[in-house]
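Next up: the structures, one after another.
Heads up, the next two complexes both have chain A, just with different partners, chain B and then chain C.
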Partner chain A sequence: MSTTQKTAPPAAAPESARRVDGLHRFLAGEGFVLALIVVYVLAVSPFANGLLTERNAVNVLSNLWPLAIIVIGQSFVLILGGIDLSQTAVISVANTFGALFIAQTFAPALFSDTVFWGSVIGEEGGALSDAGLGGTVLAIVLTVAAGCLIGLLNGCAVAVLRMPPFMVTLGTMLLFGAVAIWMTRSENVTSLPPEYLAIGSTQGGGVASFLTLSMGVAVVVAIGAHYVLSRTTYGAWLYAAGTNRRTAVVSGVPHTRMVISAYVISAGLAALGSVLYSSRLGAGRPTLGDDMLLDVIGAAIIGGISLFGGKGSVLGAFLGALFFVILSNSLNLMNLPFHVVWVVKGLVIVAAALLDVGRNRLIGGRR
Partner chain B sequence: MSRTRTLAAGVAVAAFTALALSGCATTGGGGGDTGSTEKPAIDVGVSLQGKTICFGFSGSETEFWAAGIAAISDSLEAADARVIEHNSNEDPNKQLEQMNDCITQGVDGIIIIPEDGSSADTIIAEANKADIPIGVFNRPPASEDGAAIVAVADNRGVSAATMEHMVTEAEALGLDRKIRSIIMVGNLSDQNAVERRNGFYDVVDANPDLFEEPIEVQTNWDAATGQANLEAAMQANPEIDLLFTSSDFLYPQIRSVLEPLGLWKAAGEDGHVIMGGIDGDNRACNLLKDGFVDATGVQDLFTEAESLLTALAEAIDAGETDADELLLDPGFALTQDNVEEKEKDTWGCVITPPNS
Partner chain C sequence: MTSTPRLELRGISHAFFGMPVNCDISLRVEPGEVLGLVGENGAGKSTLMNIVGGVLTPDEGRMLIDGDPYAPKSTGEARARGIAHVHQELNLFSQLSVIDNVFLTAYPRRWGVFTDRRKARRDTADALAQLELPFSPSTIVEQLSPGHRQMLEIVKGTLGSPGLIILDEPTTSLTSRETHLLFALIERLTAQGTSFIYVSHILDDVKKLSDRIAVMRDSALIDVRAEADLPVRELITLMVGRPLDSLYPDRAGHTPADVQAAPALRLDDVSATGLVHRATLTVDRGEVVGIFGLMGAGRTELARVIAGLDAADSGRIEVAGTDVTRLSPRARIAAGLAFVTEDRRGEGLLMEFPVVANAALPSLARWSGGVLAPLRRRSLRARVQAVTEALRLKATDLTRSPVQALSGGNQQKVVLAKWLLTEPELLILDEPTRGVDVGAQYEVYRTALERADAGTGILVISSELPELLGIADRIVVMRLGRIVAEYPRAQFDARIILGAAFGERPDEVAAGEAASIQIQGGV
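== the complex of A and B ==
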């Protein structure tokens, strides 16, 4: 009897500890974001007219794919403990730059004074306007390459010159935002070829309307990024460098290369996301990314990508983007005034940042 | 006990938030955040009772747009329509998402003030695909591919008429040299800006002996950009005789540049620059009466709004989902010569300016 009394407490302690640990893991993991989405949708669906319809699902997914790609790119930098504010400028520069190559015509009244007139563009269109599908693919490659170049600049400034990421990317955000406007003197690049416009369009009804090229691109990016982060040495190094830079360097992690590559990936995926946005809008737009920073950072934080570095996953980023898209969509469907939508989004991001602090306290250095 | 209290507090906060959000929902066609001080409602002619109209605009940054938005909102409300308003804050991507969300809700009609011509094309295509009639106010689509009711001013004609008067004034100066002129150009991805520039050059090209090559100042419809570029242009060319602005909302910026140079003078005073623009807003009307402005091309805001709403209401009533019509507002030039006669027909002279 006395033996039982003595041994019972130690047996109960691990059980309760396991429960607490399980709760902590749930709060810190993707399951929490998924649960948040489900609860939110169920809670607002009576007020948001059409939220649970097929048509709205197509809208939500169409909004999700480009944002998810950009948020996944941002995640690489956040996991490293940095931040990439210049993604918005990359979106503006890259989508305009790529569109210049494939536009079918340019009005001289609008473009004859621009820097690329007579070289890349002319009255008969861009340099690749006659190249069909191959030209479109090449233009997309150039778009992504332009983004990667800006990312390389950011990465070198942060890793080699040891400049603070916030200041570096704030500076390049302003710099390349201006470059985007300078390239076309703020003009939109229209008359894009059908091959390019097909990326962002939905065809047919039923299941076919869900199966878009945008979806294909986003899914491939997500799977690839998930593999890199969770199954490769590169991914392990990225988390290590984001958790503790000094320890990582001592352990042999090539920190400089990790930083540069993370910023290149972030900018490259921002450029790829911009292709999806510009194709569905039917134009290359030099101000396309101006208002996107809130959505990107907000989605990443909600998805559990820690602002303190070292934590987060591609699935979390994807679910964070999904939550943010559903949030925007539902607020529109509730017909809330413009300022209320922004207030709610701001509050959600503050709440997510608070949650991030809480998660870090709960699970410490684990990811 | 404390857990129960925390839970209760949480539920109370959640309930309050839900109530607050649902209370904010716009379902009654209110003026939204346009800040109008008057309700210039228009008789649509057809009852829209039981109909839901989605009204998307890209911002209310100028007096013209603020007044236009207020006129449309109030008129829809007066016609008993249920109005869903969306302000995309000059973000075409957001405007597309908002219009798609309206289509999801099964609205009966859409009215948009698009960010520019190409985004109008995209939204018209979505509305056509969903068989919902759509009206476009004052900013025409870049192409004629889609079916839409488009109400727009004859920007080229109104600009030319305004310039004709300004040329008459310039000739009266009896200069022994050609006229040095400046045109403040809008965002040329907006067809309105293109046509206003064309109207200006129609008159300049028709008088080759009268004009030096005009100086173009880019504004991109942005006050700060316009002011900075005008300052630079005036530094390089301090002696100008005539200034044409593609929109009246730029007059405060023009004044802040010209006044220090001693060039903000009323007609008849030494140093007066012959000035004119387009819109016919309240500021231009008052400056014209005070003699600083010589002419302004008036877009008949109420006529445009009325013709658009009436055509859309009739299309909805007739079940016509692919209504395709151009409603052209001929407009007119309000000048120093006809201000007494035409003042009552100028929207900016007869309404209290909405906040912009």
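== the complex of A and C ==
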């Protein structure tokens, strides 16, 4: 009997208890994030010039799609009770690696000393530069595959060697961040083909500038991830493994496979997100992921994906990403100095972590 | 004993979220008295003890200690007023030494500043010697057995000679020898005037120790009577609120099942280093086999090896005809294995998840075409509902409220439900009634025996011999990692089985009896 009595209202809770319960659910749920976004936009719109214009909305959305995909990937690992710091390195490596294959031309002065010169790349462009649409698709597949490979490495280290996720992914973050720089000697890979640039293009005008290919990719990823997490055995196993590993193993959840697959999904989606970014940028950039770690983790936590594992939803991840994109955008529009922007972002992360602790204390997790 | 009571409660009431859990409770504990406190899970015993121990503040009513008003705002204040509360869950720092755990909050001081480690060590050693505990004060708690940890909690409670000690299920992890030592200590302390409130589901112990017994049911105090006026049967009737014919469902014994079918479990010379040594055992379909043994005899370890949670080094394990020796826990579940572990919170349940999510976990594959195929959630929910109803699970909201809101007995029913949903060929129950009230105990056993009648092999591990005598068709005894004896129902004899667990050979039973009596006498 012990503590069970004091933990939660049992059967037929009276009205007051139900109201408290409702508040908990709201704080823990996606409605809270949505409310936060609306309140924030209303609060800062007088100070941020042009926040509510159509052009800015196009800009915000084009930043949202890749971040949302990456945060959704991170969610898989967070729900499992892990963390993937190496996503930023995956972004840097994968987008550069993919771009190498399809760049139309390389300046020998910049690239002739790089490791791929003469094999994958040459003066006439990358190995797939003449293959048209098929080449671009193949390059994207290679990009995502490169990401998945790094995820596989993380997953095996965590699941098989039982290493702490924080250390593993911190290590691979530094390691692959350096690999990205080494691949092109820190040069951006430009002159990408029009098929690739079309992914992030917002040139349609009117409604068409909102309906980008990026959006299509992000929406498909979000719907797919939502289905997997909330409607399948895989999803139920992931939440169970992230809540109580021992119970999950006793109940027949294949824990090792869950861990490996979660890290592969996290890195694979980070790579896919990096394609959207680099397409909009018009270049493969080996430092693309450098400042993104805070955005990704912060967005996930704001979106209600707990650092303690076992909690979170795709909708939450999506809204968390939206909040962070709007936050960055509004801070830019206010013309704040660089360091102030980082101070604000840092404070938001701390507030989000506090919110996470508070939420866990409020709902169920009175441990 | 008509003097001032050690502790007096007057009209104590308490509610959580508007749900009353203690209603107008008035109670006295005399100096030097042991008051037994019994009731089903959820009856309000722990809440009441938490109020006395300063964990909770009552909504109404007042308390007196030795006639003086007593309203503790914290456990520290309760402690200072002479109330020691030994909780059912262990509150030890596993990385610290025994001394540190005993004295953490109140190290003896020298010159008011420096901690006096020598005195702390001496006091700890004295306290350990009182209970004949065979470990040194500097042992790191992590290295102690569960029984020794529980004894250490009790040592912490008795330190500083408090006037009233509350013991909440103190014997769940103790061997019978340790239990006897504890009872001897209680006797010594009561002779010196210390009072006890003894909370337990083990009614024989409560009867043996208590001067008076208080029965709680549905948040209220039903009755307080002298121990002699309360036979066990009546005690149960008072607790449950209805007469229960017997503690265990009838077991007429099983008719040997179809010999053609492979047995539910076949162990052939299974060893796991340091845990299990050359175990050979068969559980037929429809048979209930009990494993008895002392704490640390290797019973749980054997179950974990069978379930694939620990690896076997040699030997062969077959579940319903499938060789599972090298298979994962998941594959063994698919072969028909189900394992109700002894650690309900840590290994049995996802405490923050609702009943349906918990019950469905091992059988999810049955409700979808594959890992990434959609789950048929409606039929899953209907099936969970049917199974939990058959178990008489008391929970209003199967899909939303977390299982941690349920009582221990109902939580155990959820664990049982989740394995029934897999329709197992072999059901392993490890201490299935620990911390579970009598009503739920009965349901657990009734359900297990029903499964046996339907052809499932049942393997029950229990530290309570009467329980195994009540339901098993056959009892095997383990000692030091080995299976040392085996008795069919016709040869059930508590003394012989106990003797085997203590290491006596059958021809030495007479001597064994003498030895076990000596042990029971606490040396």
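Please note the rule applied: the second predicted complex is superposed on the first by the 351 of 367 C-alpha atoms of A that agree within 3 Å, B and C clash if a C-alpha of one lies under 4 Å from a C-alpha of the other, contacts with A are read in each partner's own complex, and residues count from 1 in each chain.
The rule is simple: a residue touches a chain if its C-beta (ideal position, glycine included) is under 8 Å from a C-beta of that chain, and two chains touch if they have at least 3 such contacts.
Just so we're clear, the structure is a prediction, and the values are computed from it rather than from any experiment.
Q: Identify the partner contact of A:138: answer first if only chain B is touched, second if only chain C is, both if each is, neither if none is.
A: Once the two structures are laid over each other on A, A:138 reaches no partner at all.
Q: In the superposed arrangement, which partner chain does A:120 touch: chain B (first), chain C (second), both, or neither?
A: Neither chain B nor chain C is touched by A:120.
Q: Based on the superposed arrangement, let me know which partner A:254 touches: chain B (first), chain C (second), both, or neither?
A: Only chain C is touched by A:254; chain B is not.
Q: First (chain B), second (chain C), both or neither: which does A:281 touch?
A: Touch partner of A:281: chain B, not chain C.
Q: Of the two partner chains, chain B (first) and chain C (second), which one does A:53 touch, if any: first, second, both, or neither?
A: first
Q: Considering only the touch criterion stated at the top, classify A:231 as touching first (chain B), second (chain C), both, or neither.
A: second
Q: Give one of first, second, both or neither to describe whether A:337 is in contact with chain B, with chain C, with both, or with none.
A: first
Q: Taking the stated contact definition, name every residue in chain A that is touched by chain B in one complex and by chain C in the other, in rising order.
A: none
Q: How about chain A: which of its residues touch chain B in the complex?
A: Per the stated touch rule, the residues are 43, 47, 49-50, 53, 55-56, 59, 62-63, 109-110, 185-188, 190, 277, 280-283, 285, 288, 290-291, 328-329, 332-340, 344.
Q: Residue numbers of chain B touching chain A in their complex, please.
A: The touching residues are 18, 21-22, 24-27, 32-33, 84-89, 91-94, 96-98, 100-106, 116, 118-119, 121-122, 142, 187-189, 194, 218, 220.
Q: Hey, which residues of chain A end up touching chain C in the complex?
A: My answer: residues 1-14, 16-17, 20, 227-228, 231-234, 236-237, 239-240, 243-244, 246-254, 310, 364-365.
Q: Which stretch or stretches of chain C touch chain A in the complex?
A: By the definition above, chain C touches chain A via 16-19, 21, 41-47, 50, 56, 87-89, 168, 307, 309, 328-330, 332-334, 339, 341, 343, 346-353, 357, 360-362, 364-365, 367-368, 370-375, 377, 394-396, 401-402, 404-408, 411, 418, 435, 437.
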